[in-house]
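Each of the two complexes below includes chain A, the first together with chain B, the second together with chain C.
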Partner chain A sequence: MTRWRQYQSTVLIYAILLLVLSGMVVPLVWTLLTSFKYNVDVTLGWIPPRWTTDNYTGVFRAFSFLRYYANSLFIATAVTVVQVATSALAAYAFARLQFRGRDVLFLGYLSTMMIPADVLMIPQFVLMKKIPEWLNAVLATDFFSGFLYLKSHYIGHPVGLDSFFALIAPGCFSAYGTFMLRQFLLGISREIEEAALIDGCSAWGVFWHVVVPLAKPALGALAIFTFLGRWRAFLWPLIMTDSDSMMVLPVGLAKLSDLYVNDYGLICAGSVLMLVPMIAVFVFFQRWFISGIQLGAVKG
Partner chain B sequence: MKNQNKAAFFFLLPNFVGFLIFALGPVVVAAGMGFYRYQLASGAPAFIGLDNFADLVLFKKVDGEWVARDPYFWKYLGNTLFLMLNIPLAMVGSLLLAVLLNKELPGRIFFRTLFFIPHLCTGIAIYMVWKMLLTYEPNVGIINGLLWQIFGVLGIAPERAAALLPGWLIDASWAKPALIIMFIWASVGGYNMVLYLAGLQNIPLELYEAAEMDGAGWWSQLVHITVPQLAPTTFFILVTSIIGGLQGGFEAAYVMTGGGPEGSTTTMSYYIYTQAYEQLEVGYAAAISMVLFALIFAATLLNWRYGGKRLEAV
Partner chain C sequence: MPSFVRLGIVAALAAGALWAVLSIHWYPAEEVLTMWVYGSPQEAELYRKVAAEYRQQHPEVRLRLEVVPGRSVVQKLLTGMDAGHAPDICVLHWRQMPQVASTGQLLPLDDLVRRDQIATGDYYPVGLQAYTYHGTLYGIPVKGSTITCFYNKDLFDRYGISYPTDDWTLDDLLAKAKALTIDEDQDGLPDIYGCTPYDIASYVWSMGGDFLRQENGRYVSNLDDPRVAQAVQFYVNLYFKHKVSPPRPGVRSDNAMSTFTFEAGRIAIGIMGPWMLPTFQLLDRFEWDAALFPQGPAGRQTRYASVGFTIWKGTREPEVAWDVLKHMVSAEATTKMAKLGSDLPPQRSVARNTYPRAATPYEEEVFVRSMDYNVRLFPQELWWEDLYRRMLDELDAALTGRESVAEALAEAHQVTNTYLQRMYAEEIP
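Up next is the complex of A and B:
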């Protein structure tokens, strides 16, 4: 190719990329700009004629938005920590330890990965609805249908509907996470681990001092996926919560858009508040994120 | 190596407890629940054999004509499949974007990052935004606003232009195309593009060099080298997208359309939602979910049969 033609094609590629890019970001830019508009100005072009932060303060005034934020942050963090831990432990057993029934059990894990969430969710819903009654009956108490408070803040029932238990526990186990970390461990060299074993290190010592540091990129990727997945999870928290105090951010937002259908500025401000943490996490941890996608795609 | 049963037991225990309670247990229960009439609001489950499944998929004769026992099921299955049209369209887009981004250009990481953001953001917040973007009134909804401008430039009279504007989410025939456009926007630069980029890295450069010497142009290289070499990636993306698509559409329907207008955006997952958690007909809902599972299982079998055990290209 001549220099001139190469130059031409580069310009063309940039032109196409920029065109696509503008299509991609227009809805997001529109949201950001609209969130700074008074509602009467929404129809007046893109740039707010008068800038205001009323929508942001309005979101916090109209709803227990701070509470939704705190709930989402707490639930996403708790699920992430526990899920990464349980997945890493199991992945190590599957990838490195010899034990009876290993392959059958792993096949069982794999096959649950293709079961749609809709199938699992219905029995889980019934379980969560019934579990307080059952526990009360078995243990002859009424504690499990009671209310919990932290200082004066309502923090839901101990178990069942409207409890942190229901919002957190099912997320703490993941066949996908186990599978993904096992794939990663199979791909890294065993030499250091074997040296450590010969030196008399226990399985736990090898896991904690050798495997975990080596697996950091994969653990990081799983942590990010899990956190973002929980941050945006909608259906399960929707069917699991009754009270306003137990709602998470997406459920609260859906309520916001239901009650203030025509208040575009307010809805946009709510969206921005939900999206900014996600984008920040993604931009900061992009490298792990991208390699994690590729790792997860290597289906066994 | 010596047997490590004891260590394995402790490493697996926390995960296995979760696996039993939240995966294995529920799937066994769900399979059973489909055989019961079980209304959560009104008491104990009653065994009814295959009745739920028969009511769901079979047809009956009414006035000499065959009609579905549950007409909604077939309609919503049709909606689900129709909305999956976004899959091939978005895949073509993802492939082309990946090819463009695979060049050694300054700023490619910048583009890749920004292209990914719609996919990253997908969820309630973005669906709320698109609901506003797709508003019919051109002074509010920016998509019809853009069309309005174009009609103006073309010299179409305002009355006629107003009639030409699509009613997106309020018109039963436009609602599905509206969602498809949104789904394409949300997925074209996401996971699939990243997978394609990874696949492109693995195509040997010699193939292109040889083609160049034979005088093959850009298009010919794309069709004869890139696309065939990416076939495993394409297959993987297609199967995972079909599996996702069959389960999809709930959040968009919940936030944007409530499943309407006239049920035109109700998908299988939204149907399960209304049956299980609004009507509390958990037996019937479990039956629907098992039918959905069967469809997904078929897609997975296809993957095993034709996709090979491992996706080498990624």
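Up next is the complex of A and C:
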């Protein structure tokens, strides 16, 4: 009887899991299959009646796909590396170092999470517009409003609007990342750090040789969240970039949609191509990804 | 990871970074004229070509064209305008116009049009009206079209139904739709539906009604007009009483997963517009053709849609921007745009010379003739889109069978008047 009950519950669990799984997989399969259809065949069932790869070549024709890909990859990687570094340092300071006003500062930093990003959009835009003007005026130069080229490829202004600075700098500091890592660091035994200090380690040495290795799961999780967030970011790059050469993949994907008429095959092909690195990141780092989810669940 | 491998990676990264830094060149900033466009990839390519022609003719003008996502263009544009950094020239859909024009950030074009004697008489009047906000012209259309029908000739032939003619009526539409709603496998469910009716506005207008009327210079709801009730009842009956249209979740929303589509051969009459032509040109599963929208008691009154060029008021080079705009909407440019086959040119002369195009199996001239009837616009007001959405949300109750048409219209009437009263009290522009 018990075994029969066990069997029943296992079947039930698998049935629920299959249902949930199909809810996630079915749209992906539909997207993949639609990417091989002509637009006029999109509503003709799941299997394309006429297979075509035109949509994939169409994506490459519609915009500089490889350039957008490179931009997205560079921005997501740069933001991830810098944000993880700054968040780890700030988290260590807020968790372990003793200084006046630490908790007030931490609360102040946390409160920035409460401000909706949309509210900050225009002030940040104005700031990005003004930065090169201010720098030019202070340093008596016109360097900061000039154009940069890597060989023959335009890579934006040195700072300000339509620059990698605008796309990377605001993402380098994260209250969420700091909070998440601080909570993790609070869980690390102080005795290990004290032992290192007794052995002659400096505060930096403790951070680098003790805290960072112990915090690897949390750092990995933050890196994944940050990378995926930046890879998918749409509004900020849309607002900040002017030139085609500086745009990123989600903006390029949005260009494939017209205002009212859509070529679904083309959009699906673009989506599939955009998905590939995200799947790769997940497959390679899924251990940290899952531990990151658990971290948020138990430490929050 | 062995330390020599780690060292190798660091060295490679450092070398790459050094190479990148040494390869960077700096050039001084220069004044450029920026133009934003959007559309299908084919349209974007065409804009690029037309802009390249301008550059060739005017090498002294540094014109930069950027393709931006159409659905987010207003948000990007308004943020830039607020901060004093926006494109000199920008493409806008006519329904995006009020939101941008109401900010006062678009350059009025009336004087420039008069000064340069632009042949406004050659334009479809509705095209210029679409870019007129509170009496001032802010844009010139580059393409436009109105609502027409596509019909599946094979289905008409198979079931012995006569094709739609220029004088067909809404009653004819219903009769043909009934005759072409077919349960082929006799399982009690239709396999082919007679029609998809598209936007409700053309029905309301063709029945002689309207959504709003003016009293003492202010808009009030006109949803208590019996002709509106007649139109909405006709529209709802297509779904509920006669069941000649496939079920739909709401007036504003189509069933995205429906397989009852014209291109699948499961809809006999698809009411749409020429913007579907690029898609339907690959349709070789059955013979099809185009027809005018059916006439109602008040004639044939259909909704217009267009895309046009506007100029930012803050441009440093208004004259050059105007010159570029004229080039982008010139007869040569709109002819090329028309040849893509998705919309009509905004000038009558170009429309008549371009259509019908050679080697199209369908009667393309229908799209030109459709512009000779009463082609209309919604009110060009900032608040219209929001109000219209609320109106249609109320009408959903009738379309989904939760309320009768009379009840849903009474609700919509009240919501509309409350909205308008509050709007006038708050003096929203």
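In this section, the second predicted complex is superposed on the first by the 259 of 300 C-alpha atoms of A that agree within 3 Å, B and C clash if a C-alpha of one lies under 4 Å from a C-alpha of the other, contacts with A are read in each partner's own complex, and residues count from 1 in each chain.
Definition applied: a contact is a pair of C-beta atoms (placed from the backbone, for glycine too) under 8 Å apart; a residue touches a chain by one contact, two chains touch by 3 or more.
The model shown is predicted, which means the values in this text are computed figures rather than measured ones.
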item	value
Combined model on chain A: chain C and chain B, fit or clash	clash
Touching partner for A:40 - first (chain B), second (chain C), both, neither	second
Touched partner set for A:178, first chain B, second chain C, both or neither	first
Partner chain in contact with A:129 - chain B first, chain C second, else both or neither	both
Contacts of A:20 with chain B and chain C, given as first, second, both or neither	first
More chain A residues in contact - chain B or chain C	B
Partner chain in contact with A:11 - chain B first, chain C second, else both or neither	neither
Partner chain(s) touched by A:139 [first = chain B, second = chain C, both, neither]	neither
Touched partner set for A:108, first chain B, second chain C, both or neither	first
Which of chain B and chain C A:254 touches, first, second, both or neither	both
Selected from 39-47, 75-83, 291-299 or 363-371: the stretch of chain C that, after superposition, runs into chain B	75-83
Residues of chain A that lie at the interface with chain B and also at the interface with chain C	42-43, 121-122, 125-126, 129, 234-235, 239, 254, 257
Chain A residues within the chain C interface of the complex	38-45, 58, 61-63, 121-122, 125-126, 129, 142-143, 145-151, 155, 157-158, 161, 234-235, 238-239, 242-244, 251, 254-261, 263, 266
List of chain A residues in touch with chain B within their complex	9-10, 13-14, 16-17, 20-21, 23-28, 30-31, 34, 42-43, 85-87, 89-90, 92-93, 97-100, 102, 105, 108-109, 112, 114-127, 129, 169-170, 172-173, 175, 178, 202-204, 207, 228, 232, 234-235, 239, 250, 253-254, 257, 264, 267-268, 270-271, 274-275, 278-279, 282-283, 286, 290, 293-294, 297-300
Of all residues in chain C, those that touch chain A in their complex	20, 23-29, 34, 38-41, 43-44, 64, 66-72, 75-76, 79-80, 82-85, 87, 93, 258-259, 261, 263-264, 275-276, 279-280, 282-283, 305, 342
Chain A contact footprint on chain B (complex, rising order)	1-5, 7-9, 11-12, 14-19, 21-27, 29-30, 33, 40, 97, 100-101, 103, 105, 111, 113-118, 120-126, 128-133, 139-140, 142, 185, 189, 191, 194-195, 198, 218, 236, 243, 246-247, 250-251, 254-255, 268-269, 272-273, 276-277, 282, 285-286, 289-290, 292-293, 296-297, 300, 303, 307, 309-311, 314
